[in-house]
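Here's the structure, in structure tokens; my notes come after.
We call the chains A, B, C, D, E and F, going by the order they appear; numbering starts again at 1 in every chain.
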Amino acid sequence: MEREQFFEDYVVGEVRHTTGRTITETDIVFHAGHSGDYFPHHVDVEFCKTQPFKRPIAHGTMTFAIGIGLTATEINPRAMSYGYDRLRFPNPVFAGDTIRTAVTVKSKEVDEKRPGFGRVIEAKDVTNQHGKTVMYVEHILIVEMKGDAK
Amino acid sequence: MEREQFFEDYVVGEVRHTTGRTITETDIVFHAGHSGDYFPHHVDVEFCKTQPFKRPIAHGTMTFAIGIGLTATEINPRAMSYGYDRLRFPNPVFAGDTIRTAVTVKSKEVDEKRPGFGRVIEAKDVTNQHGKTVMYVEHILIVEMKGDAK
Amino acid sequence: MEREQFFEDYVVGEVRHTTGRTITETDIVFHAGHSGDYFPHHVDVEFCKTQPFKRPIAHGTMTFAIGIGLTATEINPRAMSYGYDRLRFPNPVFAGDTIRTAVTVKSKEVDEKRPGFGRVIEAKDVTNQHGKTVMYVEHILIVEMKGDAK
Amino acid sequence: MEREQFFEDYVVGEVRHTTGRTITETDIVFHAGHSGDYFPHHVDVEFCKTQPFKRPIAHGTMTFAIGIGLTATEINPRAMSYGYDRLRFPNPVFAGDTIRTAVTVKSKEVDEKRPGFGRVIEAKDVTNQHGKTVMYVEHILIVEMKGDAK
Amino acid sequence: MEREQFFEDYVVGEVRHTTGRTITETDIVFHAGHSGDYFPHHVDVEFCKTQPFKRPIAHGTMTFAIGIGLTATEINPRAMSYGYDRLRFPNPVFAGDTIRTAVTVKSKEVDEKRPGFGRVIEAKDVTNQHGKTVMYVEHILIVEMKGDAK
Amino acid sequence: MEREQFFEDYVVGEVRHTTGRTITETDIVFHAGHSGDYFPHHVDVEFCKTQPFKRPIAHGTMTFAIGIGLTATEINPRAMSYGYDRLRFPNPVFAGDTIRTAVTVKSKEVDEKRPGFGRVIEAKDVTNQHGKTVMYVEHILIVEMKGDAK
């Protein structure tokens, strides 16, 4: 599960793909209870019939939790999560949809403020079974550099 | 629960505060199962003893889900969520911490690409019982304008 | 979320309506585990085929928990819950049904035993998507009086 | 699990006792999510410190669900639940308390409106580890009569 | 719930049957999160379409947990669980299947190593609604002997 | 996650170790609800005080589900699970214990009944933070042979 990668080891353009997971009604009900977000868009089938999508949609916070969770199979002990930018949900997720995440090394740059560390941007693209992007986010990692001496 | 607000009704600088919620060991265990992220930082007490914080920390995706979930008491039928920017987790959340969210109207601007709509940025600041920020994010809303004729 | 109401502020006949929530198979399975009530009427589809309703019915204790839970959007710091009377389940709830709760101030009276407090009865009527009552209960509140001096 | 009892078989004064169950923080967190009731009395430890009990209390709806759930070990195919009266919560339940339920046949009477059936009242008394009553309710059963011919 | 049985009281060939329980999508999703086993055979509907069974199958560990759980209605204070042998899953369990467990006293023998105790083998046979065995296991019990003096 | 291994690739004596997971009160409460096994040994703190271990113990079925679940990071598309033998729980698991699983290729033999397949026994040894075995089981795999022609 552990996979050590220094800043120098990240190759821009490299992609890894996760396994898939079907989002179920159960997940949506769980997430409503877990987050406390019981907005009718997620849990009221009758209300949803009056809305454009006609049926409940997954919470964005859940697509984020599961979309990122799918990538949690490898730990890099040399990297720390700094945060996320540009989190978008261009298409809805419904119960029955199967999502998977592609992780692409989007860019990397030396971190001026942290000697010995670099900044790596991983683009995380979550797609459904039709190949449509349902979530996109850029994950910012602070990664240790191997350095000269090593 | 519904509170209709047009673009014109948003006042930059206005803040609302949610109620608080204590994050428990239960939430962390639940979130590990829900997200599939069983990294030892969250679920392995022995491993955590060897780490800087000495005990399990909440998943960032959970702080996001619950921090945003706390705000889910008001629905504005004139607003749509466009996405989130600058999601950061400056301090860790532990079991036993009580978090609450402050929602500030940070800025607003006319949306050139969408006639009749404006863009509102709500800063969401999640703090713990010591007043420290544990999560910060900027939520981008697309909000209908009242317009001249109305 | 807080809405302060003294005894004098309750108006008999006033009604408020909650948002709706669809009861799912997930909720029934959860509730069986949570309550420990695994009676076949709730969790054995084959048994249920031999019964009048032909399919699993929600636990009454769940309809109570969720029907009351739907009203938990307003806290009155001047009121205490004393108990409930006349809890009835006139129609069954099935997975897929959407319920909502109407809260009516049914009656109020001075509480002889508690000077400075009155007793308010709120009728809570839980209906499904066909408008049929699936639960009825009278909630007894002990509410502080504003009193003369205030 | 099935224990057939006709109206005539119920003996007023007869008591049965359930096994015990410790209410945990997990149950309270779970119930908040299940019911959607995130009132700070149940989930905000900091708020609770300012309240008389100093710590979170279980939801009444949960004490009801679990207190009744504990009795769900015997099914009487001759009885139907009609409803509940006088539901009271005289003492709070905290995480760590162990509750059990005593079921007493309180009274029985012929049901004038339903020939062939009688009405049995079972008092359900839920107590904690100190022997204090934390919940009381009267469960109304409609029970088939054996009748003359049988 | 307690049913005291000494070694001498076990009758080889005696069978008891549990109530049934329908395995739902909820149970499978719950079990994936609980066990951390998110293999696509259980949670990826698209992957499953390419497999012989065409749809997700329940985890064997869940069939074990629930199949054994169904028998947990009687406690024998004179018996201890020693372990299980020959755990097999001859047919898959799908969401919607209703399972029940038959417990047969398969054999018994004096335990040479533990004076005063005997060894009882209970065969646990879990079947679905078509009468097919979906799990079989032999449960080894160490049971106190009544002995001569008693 | 996929790691293809033919029968010939298994090396007797080879061991792999999983990450650890702390078993929590939450897991025990969840498992009671999930399995329906509410025996007081798991959920009644007061009862447990009268027993040898003085506090609740994890269900064996849960130690099995989680102990096996920890190994679910690698899928071998050439292997099928045939069943488990010799499942034992030599020491109890309590809330707060951290478990991990060692998987050892214990033996392998040609499967006379299935030409082209062999039988591999993986011993799964689940230990706690004190290095004590809390579960042991032998997992029987049917694994495809590479064969001469390949």
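In this text, a residue touches a chain if its C-beta (ideal position, glycine included) is under 8 Å from a C-beta of that chain, and two chains touch if they have at least 3 such contacts.
Everything quoted here is computed from the prediction, not taken from an experiment.
Trainee: What's the fewest number of moves from chain E to chain F, given that each move must go to a chain touching the current one?
Mentor: 1
Trainee: So, comparing C-alpha centroids, which chain is the farthest one from chain D?
Mentor: Taking each chain's C-alpha mean as its centre, the farthest from chain D is A.
Trainee: Averaged over CA atoms, how far is the centre of chain C from the centre of chain F? Could you give it in whole Å?
Mentor: The computed centroid separation for chain C versus chain F comes out at 44 Å.
Trainee: How far is the middle of chain A from the middle of chain E, if each middle is the mean of its Cα atoms, in Å?
Mentor: For chain A versus chain E, the centre distance works out to 39 Å.
Trainee: Provide the list of chain C residues touching at least two other chains, using ranges where the numbers run on.
Mentor: 19, 21, 25-27, 30, 34, 36, 38, 40
Trainee: Mind listing the chain C positions that touch chain F in their complex?
Mentor: Within the complex, chain C touches chain F at residues 30, 32-34, 36, 38.
Trainee: Which residues of chain D touch chain C in their complex?
Mentor: Going by the criterion above, the answer is residues 21, 27, 30-31, 34-40, 59-62, 64-66, 68-70, 72, 75, 81-89.
Trainee: Write out the stretch or stretches of chain D touching chain B in their complex.
Mentor: The touching residues are 25-26, 29-30, 38, 40, 43-47, 56.
Trainee: Touching chain F in the complex: which residues of chain D?
Mentor: Within the complex, chain D touches chain F at residues 19-22, 24-27, 30, 96, 98, 129.
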